[in-house]
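One chain, chain A, links the two complexes that follow: it is found with chain B in the first and with chain C in the second.
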Partner chain A sequence: MQPHTVKHGQFCSLKVHFVVYKQLNFPTPLSRDGRRAAAPLSKMAAPLTLLFLLAVTVRAALFNSSLKELISDRVEVVSPLTAWKRVIEGLALLDLGVSPYSGDVFHETPLVIYLFHFVVDYAEVTFMLADLITAGCLYMAVKDYNKQVFRKQKFALEADRYPLDCLELIRSPKEMHYIPLKVAMFYLLNPFTILSCVARSTCCLNNAVIALFILSTIKGNLLLSAVFLSLATYQCLYPLVLVAPALLYLLQHQYIPVNFRRPNFWWLVAQYLFMFGGSLLVVVCLSFFLLGSWDFLSSVYGFILSVPDLTPNIGLFWYFFAEMFEHFRLFFLCVFQINVFFYTIPLSLKLKDHPVFLIFMQLSIISIFKSYPTVGDSALYLSFLPVWTHLHRFLRNIFLVSCLLLASSLLFPVLWHLWIYAGSANSNFYYAITLVFNVAQILLVSDYFYAFLRREHHLTYGLYLKRKDGSEAAMVLK
Partner chain B sequence: MGLLSDPNRRRALINLLTRLNAPICGMPVDWLVKTMQARGLEVFTQSFSRTLPFPDENKERYMVKGTNVYGILRAPRAPRTEALVLSASCSPGDENNQAVGLLLGLAQYFRNQIYFAKDLIFLVNEHDLIGMQAWLEGYHHTNTTGMDWTPLHGRGGSIQAALSLELNSHVVTSLDLVLEGLNGQLPNLDLANLFYAFCQKLSVLCTIEGKLQRNDWDSVSGYSQAVQTMMLMVMKQASGRPWGDHGLFLRYHIEAATIKGINSFRQDKTDATTIGRLLEGMYRKLNNLLERLHQSYFFYLMPSLSNFVSIGYYMPAFGLLAVILLLRALDLWVQLVTPPPRNEERVNDIAQSCPGVLSILIPLVISHLTGVALYMLPVRFQEMAVEHFPVSETEAVVLTAIAVYTAGLALPHNTHRYSSEGTEQGWRVLKLVAVLYLAVLLGCTALINFSLGFILALTLVPVAAFVTPHVPKVLSAFALVFLSPACTLLFSVFFYQELQEMPVSFQDGWILYLSVISQGILDHYLYGSLVYPLIALLVYPCWLLFWNILFWK
Partner chain C sequence: HTAGCFITDNVGQFFSSGHTNNWAVLVCTSRFWFNYRHVANTLSVYRSVKRLGIPDSHIVLMLADDMACNHRNPKPATVFSHKNMELNVYGDDVEVDYRGYEVTVENFLRVLTGRLPPSTPRSKRLLSDDRSNILIYLTGHGGNGFLKFQDSEEISNVELADAFEQMWQKRRYNELLFIIDTCQGASMYERFYSPNLMALASSQVGEDSLSHQPDVGIGVHLMDRYTFYLLEFLEDIHPASKTCMNDLFKVCPKSQCVSTPGHRTDLFLRDPGSVLVTDFFGSVRKVEITMDSINLTSVVSHRKEEPAANGELQKEVYSYSDQLPVSEIIHQKPKQRDWHPPDGFILGLWTLILLVFFQTYGIKHLKHIF
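Coming up: the complex of A and B.
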């Protein structure tokens, strides 16, 4: 009986493979030559150029309109860390020979102020360029990632690892073809990105650095990945938590299993951490030599961690710390800040085989729980949503969440007007919307997390789960 | 319209008025300065000029030049960091002359009192709201509407509260309190309470919306009077225009109201001394404020001066209307995502939903462009219209607006030529977008100006909920037009006249309707009222989307 079943199973899987190849237009090994690979690139170049042109046109038009000043004053778009006004102030202080960190205005890093020391006349071009770089990097990274996903899926299919009823979960090249373009489009045409670019929020630069990090990680370049990660960490501290996904990805890329007893695992980790720490040290020392003082450490990182500026923004900190008694402040500061870092451990354990999804999760957690969030931070992780289009069938409350996100982002300016200008509402109204916005973001991310895990589960155990007694089973996220 | 609709007659009159502007319309500036100085105030003047985008036929003005005179009584008891304002507008003729007199009298009286801890500013503004706008912009160093004014040479502290006076005779029978300001903003309810308390104390008859309060709440007539008062307030607030000179103060976070003297045929009259005592009492109370009024309500509707309906009571009514939209959106979403009975055509489904994006985007873009046309064209093309048609500028603006509005109705047929295929999925997606759009739009509007949001919700939500391509075309098209924003405005004009107990014939109502449109556009250009751009750029395009759905192929 036993051999017969096996044989039957093999026959079935062969048939399945045949169907899959035919239906999904697999690039079979025979047809994988250079010309075929080059063809899609030239096909995508035109829409990508068009997209870039459109993005630049929109931004240039807004830069030349009267809306520019209005946008760059919005608290949703700029934070005390990233505001362009403050960069200008810092530049003026620098030109006068005063430390830009004297006083409590400027909180950007020394490298950024030296960057703008040279390109301040071309600031608008710089910000547009930063956005294009981000979009380009995300495009290439996602393209590469999709290729790998596809290759893995093919191996799994050939090794016959998927249950038979999971065919409809398998991704086809046709649906994956436009995903990189969609990612670039989601980033460049997202109103959040456009607003923060027009406001000249330095958040655009941070996003560009993070995108470069993602690209170099996905390409498997250990050194560049560590360098860009250290730059991102240097810029806004929180990207530190991206060390975990980067390591997991690079290990996977070099086929090293996560095993604490293996020396080559430790070797790669040590290598990466050394490069990361080394380049961070270099950057920090460089800043010290540029300015000749350590002022910037307390003024940038101290400012991020101790949250002294309680200007309202879209984050969770300001209201809470404005209302709190002073002697609880330190305790709750620790609680709030640990939030960002804490999720790294459980998420890394759960998603250790899917580091790119882990990057997405970490980026979203950073942008929700960081001390001075702006909409530009959310734009970065929102641009990853097209990568997970295959999860849509498992999302449970995407409609509710998108309505909430839409409504709350439009209500921000309305309630701000009522509070600050009309004087008829108060800070509670604005904070209520902040809460709604953040709850919506959390729901969105956890929904994607659930959907991702569920799809993985189905890929292992089959799509139509049965209980032991044969009735249909329901799945619960625990 | 009416009197000046003949272009030649009108142009001749405008020329005459512009030439004679100074001699006829001049305010006795020198006399005012001298009188105020004689009463011991620090007196300053501010001159301003403004050319309206098109002639205002209600007030017969086009190129406005004027001077504001204000005197500051410095606070004797405290550092001069805060101020209170008493204003009266001065216009040619006898209109409002008693207010200026009372203002000067009060200034003289207050000069001799020692208990004032806030600067008192006595402002006589010319050309009512335009002068007020110039003065407020000068005081706060802002310029939002591109008006020309000379900077103020004397300033007091930050203004905490302001009252405007309108008195036409030296005796009055009752005092009316006007609260509605620009964009439907209301002052803190405590200001109304203060006024009411002093009226009670001095036993002066007081009204709101011109309606006396009745004590028989439980009787039908008492109840209906309260409802009428509240509906009048809703209509006035929804119009978004300042209903008194105080209306522009609210924009600067200053609590303000207008007190209007009404002289009817009643026997018992109140003389100016009593009004003066009332104002003195109010100013002494305001003088005692330690911080800005903020403890009480800003969101309220008043069925009478002594009662109010708070946001907690009226917002649920709006919420229930908005829930209809949300449920409808949820229903559409469920219809869209529920896969058709499981079969092998999944690939086809995907192919079908792809052109969906384009077929939504085109109606969205076209309807918004129509909205932009409705916003831009009327004022831009008035000269051209005046050249080619026998109409005045004001008529040209209003009629162009109506023409563009009507032309927008012809659009669905145009959009369909370009959209590739109008599938069942297509209109559902479009309706989902439109319903969510309307819900968010109405929500935001209701937060800023509840009455406007509520009136729009009352008329737009039913059509938004029921319209599909499959309902009977003619009947629903009629219903849709009947409940469109423009028709809502027309009905509101009649309804408002009805509530004021001054019903008008259809002819007069139509003329009133046209002048209401021109006033709305003028309010936007002069004071930055948001109702006209809101309707033109957002509500009308949203309504067009539903029109588009009805005529989906």
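Coming up: the complex of A and C.
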């Protein structure tokens, strides 16, 4: 209101532009429309190779130690869906001429049988390769994503859309330079991932397919994204919720606004869904031709959805369904399963401009609320955390979440031993730790969600709120 | 020359009984101190059998409890069979193969049928063949149709009969003598149906076998009556004895045993009067030392007529069944993978993969590949 402030503001804006342009001096020159050619990996090849070597060494060392059998049996690391013992058992049954889906042994998809029929002697190499593929895909995807984030930020700066006092929230290429490497490192050196790989849990293969899907989505390739997503859904059923963020991202990538009246929008959605549905159908039919029967549908998808096996794991289903009365079972089964899929709608509405964050949220919701979670599923979304390091100042529960996660991860084997072997605890103890672990995960995810939205809010309305007369104000969430 | 003629004439005697080795399986199935007598029973039969020539390597001795080193034994390292501690049947050279909790129905049946895990040592195996005469002695607490093992499980007479049939089909015995000293012991041999089995029991169905004498120094009954008198009978047998089975059937009449011992010989091919006691209780080798060489062709033809004369059962010639599958243990073959994915599937899958690849990356890459 006072002319003094306005003039000062204008002067500040000029100075700000100059300062910002100096700081954000990106090394390679801009092309006309702002797109950059994909920068070669050569700059980061050496640290990446070193990281890969280190990861392979750690895994190989554990594979050759006596811990391999011990880890393969831990219920936190393998579930009835992903256990390696069951894969071997299914292959052995097949050699005896019996369908691997007879009985309650094998719950993986037929394509896994096909893969392991040839590589079962080199299983360790396969799983290490899957982990490396996942890390490589995440690396490239995050690199591309960072470039796009930076480009969008540049346009927003040029269009003067940011209030003046939120410049400390602007990100610079220097800080974002090591993020892809950190993402790959978080994935490969996460103890959860290493345990999953050493246990030869097929969760590593699931993660690899989801990482390939993320990479192809971020590169903007409709066909590959649909194909990998259908493979991931075929494998595990829950990645179906990733259709929404994939669609949102691809629409954004091709500059189509989300407007229900535009034919462009419907055309892209129809294309994508057709490709997704078509490849899913093709893969299911191929599986039928592999074994010659439709057994696998009830053994894989029926098993995932109806949760007949109540072996304790780090999820929420087992305890609840163990104590439930039979005639309520179907109702609660529906409730629990809908819980996984339902968050898609409100989250997509809120995060329709930020599809990659939506992918992160969906991955975390899948790994917390799926029917047979393992630590390998958590490892995938935990590896995304370096991408959101700029939210550090808005996170409120860092200490609590890290303590809870650490404590629960360490207490899992202890309370399992006390319950099963020593007999001095019971299932309530183990379920308590499961609850702690899941509460920690939920707190982590909701904290990041809060921080993300808060940053967006600040970027729109300014970091320090001022009342009309210029004095400081505070926002109260009611 | 006369010695050579004598031998040639009598060489048929070398092959008359049909067995070339002897085995004994002696089982005591009871635990606890007050069942001292069952252990003493088994050990006295063990002693006789060993004295008459069967070596420890051919005896499978199963004792369900340790009486010699029991806390309540006032004379440790001894097991007496006569009161006033006249005879210590434990001695210095007793080799117990299955002791304590290892004496179970499963282990007993596995020993009989030979189905033991490859890691079982030879001392715990019954490595008999189709020329073995086996003595099986069981003692403990029993009832009508069953024998109690370890106070927690039972073996029935049907199971036992089936085990013997398995042994017959696997050619694990030539002739088998089954002796049982329990209450209602005759019920245990009622169900036998395999050939060449002879059975003896200490009491009929509905009767109890009684124990013999308590010893006030030790505080328990030392032996059962039947086995006590059996032991007395066997003490008179030496390796050259010509005592036959009919005399064994007369051991412990009702006046001495209070119960009526029974026997069963209908499945046995030879006449019991011609069966020597040492055919089962001892390991008697017919050895004649001579400096002459003997032509066996005539004996071979003589031998062939005998089975035809016997009539009922034609024993076919079987090869020696592999009791200890050493070759399987040494040469573990790698698993063969029998299942292969159908060709149509492989074709379809790779066509699709190639299609997706070219769709994504364009046809221009074709010329780089080809």
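The definition used in the following text is that the second predicted complex is superposed on the first by the 435 of 478 C-alpha atoms of A that agree within 3 Å, B and C clash if a C-alpha of one lies under 4 Å from a C-alpha of the other, contacts with A are read in each partner's own complex, and residues count from 1 in each chain.
One rule holds in what follows: contacts are C-beta pairs under 8 Å (C-beta built on N, C-alpha and C of every residue); 3 or more make two chains touch, one makes a residue touch a chain.
Just so we're clear, the structure is a prediction, and the values are computed from it rather than from any experiment.
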Clash or fit, chain B versus chain C on superposed chain A: clash
Contacts of A:Leu223 with chain B and chain C, given as first, second, both or neither: second
Partner chain(s) touched by A:His117 [first = chain B, second = chain C, both, neither]: second
First (chain B), second (chain C), both or neither touched by A:Asp95: second
Contacts of A:Ala432 with chain B and chain C, given as first, second, both or neither: neither
Touching partner for A:Phe289 - first (chain B), second (chain C), both, neither: second
Partner chain in contact with A:Leu406 - chain B first, chain C second, else both or neither: first
Clashing chain C stretch [against chain B; choices 43-51, 97-105, 277-285 or 295-303]: 97-105
Chain A to chain C touching residues, read off their complex: 91, 94-97, 114, 117, 221, 223-224, 227, 282, 286, 289-290, 292
Residues of chain A that touch chain B when the two form their complex: 168, 175, 399, 403, 406-407, 410-411, 414-415, 417-418, 421-426
Interfacial residue positions of chain C with respect to chain A in the complex: 335-342, 344-345, 348-349, 352, 356, 359-360
Complex contacts: residues of chain B adjacent to chain A: 185-186, 250-251, 253, 292, 294, 298-299, 326, 329-330, 333, 346, 350, 436, 439-440, 443-444, 447-448
